[in-house]
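Read from first to last, the chains carry the letters A, B and C; within each, the first residue is number 1.
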Amino acid sequence: MIDFAIYLVTVAAIWSVLAISLNLQFGMTGLVNFGQILPFGIGAYAAGIGASLGYPWWVGAIAAIVFAPLCSLAVVFPTRRLSQDYWALITLAAAEIFRLTMLNTPSVAGGADGVMVPRFGSSTTALVVSLALLAVSFLVAERISRSPFGRMLRVLREDEVLASTLGRNPMRYQASVSMVAWIMGAAAGIAYGHFSGYVAPTSFTVTETFIIWTAVILGGPGRNIGVICGAIIIQVLGVSSRFVAQWVDLPSDLVANLRLALFGLLLVVMFIYRPQGLVPERREVRNAARD
Amino acid sequence: MLRATDISLSFGGLKALSKVSVEAAPGAVTGLIGPNGSGKSTLLNVIAGVYVPDEGTVTLNGEPLPLGRPERVAQRGVGRTFQVPKLAHRLTVFQNMLAGEKDHCGETLAGIFLRPGKVARQEREAAERADSILRRLGMAHKANDLAGSLSGGQQKLLTMGMLLMADPAVLLLDEPAAGVNPVLIEQQVEFLKTLRDEGRIVILIEHNMDMIANVCDRVFVLDAGSLIAAGTPADIRADETVIRSYLGQPAVPREQP
Amino acid sequence: MLQVVINSVVYASEIAIIAIGVSLCYSILRFTNFAHIQLAIVGGYLAYTFASIPGLPLPVAVLLSAIATGLIAVLVDVIVFSRIRNISPEGKMIVSWGVALFIRSMVAAIYGGSAKVFDVPTEVVVMQGAVFTTLDVTVVAVTLVLMVALHAFLYRTRVGSALRALASNYDLAVTRGIPGDRLIRLMWFLSGALAAVGGSLIAMQTRLQPSLDLIILLPVFAAVTIGGISNVFGAVIGAIVLSFAQNLLVWIDFGMIFTGKPWHIPTQFRDYIAVLALLIVLLMKSSRSTGGKK
């Protein structure tokens, strides 16, 4: 039972970091990123490929942490002047291209079979690392959220033209926040790689990106605690549905698909009927003594 | 002194502006009027850096403005409003005001993580300034309301307040009185007069002729992309070409039967 | 070379039928409907189900599937998209992904993940050194017929003109008395039906499996982008350009040209070409819109 709890908390922590990384981009800044699984994949594969090449764990980790934000710049800079539709498409294409590259280079990335990654010493280590990662990500994201920088991100979300009227260059902010978000995503990927021990392209499809989206929309776009709640709920649903499957003796494939269908339903219903999510954004109240 | 010289701009086949020259002096309110489609907003957009003109330059105190880069023009001290007020609707009035703060060291990642003390200090100073501007505008009691919940007129006042946070040398105002009730218009007029007295350059696009007459020192009249008249409000009111362009015919029949 | 042309035309046909639905939707509702791909998958599976009814000829099965999928598309609009007509385009895109996730998962839940093969009688034809099948011919023929029919519908009927009016200026068209809601439903029906035909044809050419959506995702959206997202028949042109680019680049012996040893771009990298084409077109668009945005 304890083992199971440790497993659940570890997975929930990793997905919470992913949810926070998307929250920074979409919830706070309004960037519609349909490829957030990409930095996650970079982290996981860097861990795996680094290990398969014989390097110690930190080489892959550093490579991912450096490469992911550079990737984000490559995606943000050239295309930001385009409309949202096209930009979203580019992020989607970028993530898909990454997955296809991993799938089609068996010599480097193991192809469809994936790569093995050396696991953490024990499940407790995995838990501690993931929780530490979550704590750092949360603190960073909160600091950003409550700062003037975060305020300007939200202005960008509401109206980009307003930001440039106020003398700000939108691209600088979008690039900064993207880099931070992608570093977080990559870190989550590294943790995931060492936690699961195995990394394959099937874990990094568009579907996974939208599980992160469901967590953000469900939990509360713009509110870090909210999206953590969303991620936890998603994971609990995932785990409990597996229990239900065993109990009621349904094939696990079927249950997995029904679960995904539920996520899709949640995404739609929440966005239409409660777009602020379960835990809405805080309204910053000015309480100076005035009169 | 703001000078726009010989500005010409075409969109596709449409000539929006033809060699228009205007100038606006500090400590004065300069009006820009003309029928719909005459190019007033387009000229404002050129000065604000949104459009790059096909010909012509805009200079502020002799230095050319970086046209085509609105955020850089804004950084040179040029603030502008829009016909439909641009605000962050889901943020509070106070947050919107703070967003107007110029060169906030708290808007960089380095600043918020490495210099929290400095950021907090600038935030406090900005908050005080925002407080005083809101009081000046009579909106202090609305500080914690969402900007989207304000009436149209109040939103327009708020946008002007946001501009003021950056202490701009130039203010470009696009129809501030449109759709605003007379009481708030009065407030806007008083506000514009104080801006003028503070030595700023104010350029005002308006259809509200009372406001123009009340507050402008100099008025430029555009029609179909060309400058057709310039002078004091009294000059303009009496100018035949102006009257004809607005009404399509002389205001007073020339011959008595 | 003839082989390249044949392959390109066949592939372009399959992609075009599906891509047209995306442009149709965008031209009227002004958002990129990512759930559209899933309609193609649904169409393929429904055609398979209908085709397994003993005695039902395959073309009828596809027709039934087209009608059913069209109705499903209308249902999706009624349940979901009609409630969000007034939210931002980004919001609609996000919701469309939720719908896509739901549809895809339900299809996989109902039919299972294993691949299914259509029982299509087809013969191989060899002509002047190029190889193709009678199914290929059917695919191209069906696409041509549908394109011509769609064009005639949009440009020579009153209903079609009303649709085009909605696309060019929705509010104006509605004030002129055009029934916006009803025509939107019609648009969804057409989109869904076309997607179903496209999905069925692709499934017949390859195999039917839920992951088909990932296989056609990039090419369809690349085609739509190349042709201009709001340009209905532009999607067809985009599909043709994309298909030729892919097949040509895979066919050219780059090895011989540069090093004297034969080397081709591996066919798995066709998708890279799709994305590259997409990027080039978008970068060209973005450079055209600098210094003068409204």
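The working rule: a residue touches a chain if its C-beta (ideal position, glycine included) is under 8 Å from a C-beta of that chain, and two chains touch if they have at least 3 such contacts.
Note that the structure is predicted; figures quoted are calculated from it, not measured.
Of the two chain pairs considered here, A-B and A-C, the higher C-beta contact count falls to A-C.
With respect to chain B, maximal separation of chain centres occurs for C (centres as means of Cα atoms).
With centres computed from Cα atoms alone, the innermost chain of the structure is A. Chain B and chain C, compared by their mean Cα positions, are separated by 48 Å.
Chain centres here are Cα means. That of chain A falls 42 Å from that of chain B.
Chain centres here are Cα averages; for chain A and chain C they lie 29 Å apart.
Annotation for chain B: no residues touch two or more other chains.
For chain A, no residue reaches two or more other chains under the stated contact definition. Shared contact sites, meaning residues of chain C that touch two or more other chains, fall at 293.
Residues 26, 31-32, 80, 83-84, 89-91, 93-95, 97-106, 108-109, 112-113, 214, 217-218, 221-222, 225, 229, 266, 268-269, 271-272, 275, 278-279, 282-283, 285-286, 289-290, 293 of chain C are the ones that touch chain A when the two sit in their complex. Remark: chain A residues 30, 32, 34, 78-79, 81-82, 84-86, 88-90, 92-93, 96-97, 100, 103-104, 205-207, 210, 213-214, 217, 253-254, 257-261, 263-268, 271-272, 275 touch chain C in the complex. By the touch criterion given at the top, residues 48, 70-71, 74-75, 79-80, 82, 86-92, 94-96, 98-102, 104, 106-109, 111-113, 119, 122-123, 127, 131, 140, 143-144, 146, 162, 166 of chain B touch chain A in their complex. Contact residues on chain A toward chain B in their complex (touch as defined above): 140, 143-144, 147-149, 151-152, 154-155, 157-159, 161-170, 173, 176, 180, 281, 283-286, 288, 290.
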